[in-house]
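Two complexes follow with chain A in common, the first pairing it with chain B and the second with chain C.
The block that comes next holds the complex of A and B.
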């Protein structure tokens, strides 16, 4: 253990629970390892800049970063970028919400009632394996061609990893602890709230980390199929009118949204699982 | 050790035995030194490409020293990019894509019209009160998306009736028109008229309002790039000649063309009748007094629609550089006089 880490532990033990969480966040931000990813991103940017300026690829294949930046400024100024961003965010978060409810309930029920594993899982895998593009016409007929179809597509792409992680999490709950709670006459709700949910939380949050990024992909895929707004639409139109700057801008913003949502889940995880770190 | 040597010898003999031997056909092809060309088509194998199959099977490409390999790819934008960097030399590409490509400094050139009539239209139920573009006012009309040939065609149709997008409700549905129309979720759908009305007519009788009756736009055509035009004009001439002969043959004898196209399209038995009708519809799109030509007015009109829809920011400096008539058969005197 380095002297810096000893210092951190010393301060950490003196703080109250809430302050300790805040301190942990600050400590995390100061962690040098967190700077690796931005450094790599900067390296990629430099490589992009160098390749674009070298003239190895025509600018209609690889636009210059400045062109993309200019397009960003243009679209930000006229408000269209914010509109596309809002639409995609609304679709992906709504899809994530629907997928979460379905996946958590279904995952819990399947984990607890073993026979359902044999009955439902093959159908659920079948549902997951269907390419969304193939069933897009049916989705459009069922829910309409407006934002609802994009939300359904986002939910369809998102729910499966979340359900699997819930099943794994609930199944990994210690049988001894379960037995102990039963011996103490805990009712099913108490068992769920005080044992199952906290025990399964690491796996569930792991599933959420995958799900948030998939929800953004799902919304964009929905927009690829049919839309008039959203970042997926921006990419489709950019491709069809030979405007690579819009395509790159759309891709970069989609990536930024995914990353932001991932970080939000990671911070929530840090907060919810602080008991685990304190225990270890 | 001896057994191992025998076994080794046996393996060698088997490998030599199953190795492909040069056939007379291969030798012939090598001798002829055909130029291999990939032709990009932005759809699946279909009877709608019958003229290409006819030109292959009747040896029109081979006569011009060309061996064609077809690449089917749904992503037209990918084809446009690869044509622009000379990764591909030929593709059947929408006319408006050539204008958009050139606005992005992609050196594409349109050398021959594939369809003489714009292949997009609006389909309505036969009992609908929509009979002309004017009747679309206030109706719910679907379209694949707000880009591409369908959108351009619809905008031209609305323009002919002095309507704007605000006069009706446009619904983007991707390529789900048959399903959406069969469920009667919209009043009309913007479709490719060769095949989609046939699918919808399996639900109920339909009527089609073709864009080509109200506006002259540039439809799909054979597109190459400036590099190929400059370095190998004979190849371009050979491609145009073979395709025009294929189209002429298909118009003249659709039955024979359909027979030739069948193995390429690989159709299930229950689809043969419908697809034959698709071919007959396509023949009407190919039919013209002189094949392969587009008019300057059509190019101007297409560019104008792109500007109105803001898909194109400003007109091309030189629209005429987007196309060439150099490889087409000469127009008959009476047509030239008319123009």
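The block that comes next holds the complex of A and C.
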């Protein structure tokens, strides 16, 4: 333990419990290990720069980082980048929201009502086994070429991991704790709220970590097939007019969205599951 | 204050294990807890004491026989009956205070009131410093004390305790005997407590019941004639020692007969 850490612990114990958790979260965020990934990213950037400047690949295959940076500035200035970003974000988050409502409800009833496990699971697996990418064009024909079809695609790609993690989480609730709640005359809603939900939270949050990144993929896939805006659109157009700078920019922004959403879930997890770290 | 009588009539229970074996846990158990009495239940491990308590708390239906609360069959758990579990059943995501306050929260008592009562009980259990700790940060004995506090918070009319002092050191244990008798003296709940410690059983209760092993059956009842409040010099009283011998004899007799059978 470094002296700074010791000092920090000392401040920690003085603060009230709620503040303590607040501090712990900030402490976690400031962990030096968080700087490893950006360093590696910087290394990759240097390699890209080096390769681009070596002239081994033509510009329409590998653009120079500066070209991408310039494109970013251009599109940022005229507002088109923000527009694309907003559209994709709205599609993926709406899809995620719809998927989580459906997945949590389905997952819960399947975990609690045994017979539904036998009735529903085969069809749900069937639904999941269809490659969403393959039926995306049909969905766009059915739902229409606007934002709604992309929301549907994003929801279709995210609901499954959310449902499975909910089922696993609810099934894992300790029977002893269930009995304790029953002995204390808890009604079903109280059992859900005070026992099942917090108990299943680690698994559900794990599902969300997968789902948030998938939802961005879902939105982009929809945009690849038919769209007039969004980051997927930016990539498709860039590809068709041999403008790799747009393709790279689109991919980088998509990655940034996924990463941000993932980090948001991770921070929520840090807060909600603080009890898991207690006593270790 | 109304008086609640919990009676067990001819209760038998069997479990079927996952590998299909049928375990006879209880056989024709009959007992009656009169209002405001303190009863202890002793018996070898696996004799069905926990099973009996779960049945008396309304958690499981016996295969035959019935449990009556004031003459009416008990069909489900009641708030006036409180069970302190043998195993750790604290919610790991709740702090100690929130765990103790849980039964009141489920009964719809507002936050301020239930936390105040929880803090009082934690103080009594010597755990006020740990009100904001999570269960994983506590020792085994501390967890048990939190468990007991949670069982007491609703001020139940009938309190069922399943080896509540199992993981405690001798000193804390004796201190908690006194606290428990104090609480009992104040509230006059009806108490049934399971324990493996014969001296504990006699020191605390007015009646000690001895249970035999597989199937669980009450083989002996020993009345304890001492008045309350009780003091620790009782432990060396000749009558106390005589009662202790009686209970021990009954347990040993059961062990002998069951080993002869097995």
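Going forward, the second predicted complex is superposed on the first by the 259 of 280 C-alpha atoms of A that agree within 3 Å, B and C clash if a C-alpha of one lies under 4 Å from a C-alpha of the other, contacts with A are read in each partner's own complex, and residues count from 1 in each chain.
Just so we're on the same page, a residue touches a chain if its C-beta (ideal position, glycine included) is under 8 Å from a C-beta of that chain, and two chains touch if they have at least 3 such contacts.
As the structure is a prediction and not an experimental result, all values here were calculated from the model.
Asker: Superposed on chain A, are chain B and chain C clashing or fitting side by side?
Answerer: When both complexes are placed onto chain A, chain B and chain C end up side by side without any clash.
Asker: Looking at the overlay, does A:239 come into contact with chain B only (first), chain C only (second), both, or neither?
Answerer: First partner only.
Asker: I want to verify one number. Taking the Cα centroids, what angle sits at chain A between chain B and chain C, in steps of 10 degrees?
Answerer: The angle comes out at 150 degrees.
Asker: Between chain B and chain C, whom does A:194 touch in the aligned arrangement: first, second, both, or neither?
Answerer: Once the two structures are laid over each other on A, A:194 reaches chain C alone.
Asker: For A:54, decide between first (touching chain B), second (touching chain C), both and neither.
Answerer: The answer is neither, since A:54 touches no partner chain.
Asker: Between chain B and chain C, once the two complexes are placed on the common chain, what is the minimum CA to CA distance in Å?
Answerer: Least C-alpha distance after superposition: 49 Å.
Asker: Where on chain A do chain B and chain C both make contact?
Answerer: Of chain A, no residue contacts chain B in one complex and chain C in the other.
Asker: In the complex of these two chains, what residues of chain B are touching chain A?
Answerer: Listed in rising order, the residues are 76-77, 80-81, 84-85, 97, 100-101, 103-106, 142, 144-148, 171-176, 178-180, 183, 185, 311-312.
Asker: With touch defined as at the start, can you tell me which chain A residues reach chain C in the complex?
Answerer: 17, 176-177, 179-186, 190, 194-195, 198-199, 201, 275-276, 278-280
Asker: Looking at the complex, which residues from chain A come into contact with chain B?
Answerer: Going by the criterion above, the answer is residues 58-61, 136-138, 140-141, 144-145, 225-228, 233, 236-237, 239-244.
Asker: Taking the touch rule as given, give the residues of chain C at its contact with chain A in the complex, in rising order.
Answerer: 54, 57-59, 76-79, 82-83, 85, 87, 89, 91-95, 102-103, 105-107, 132-138
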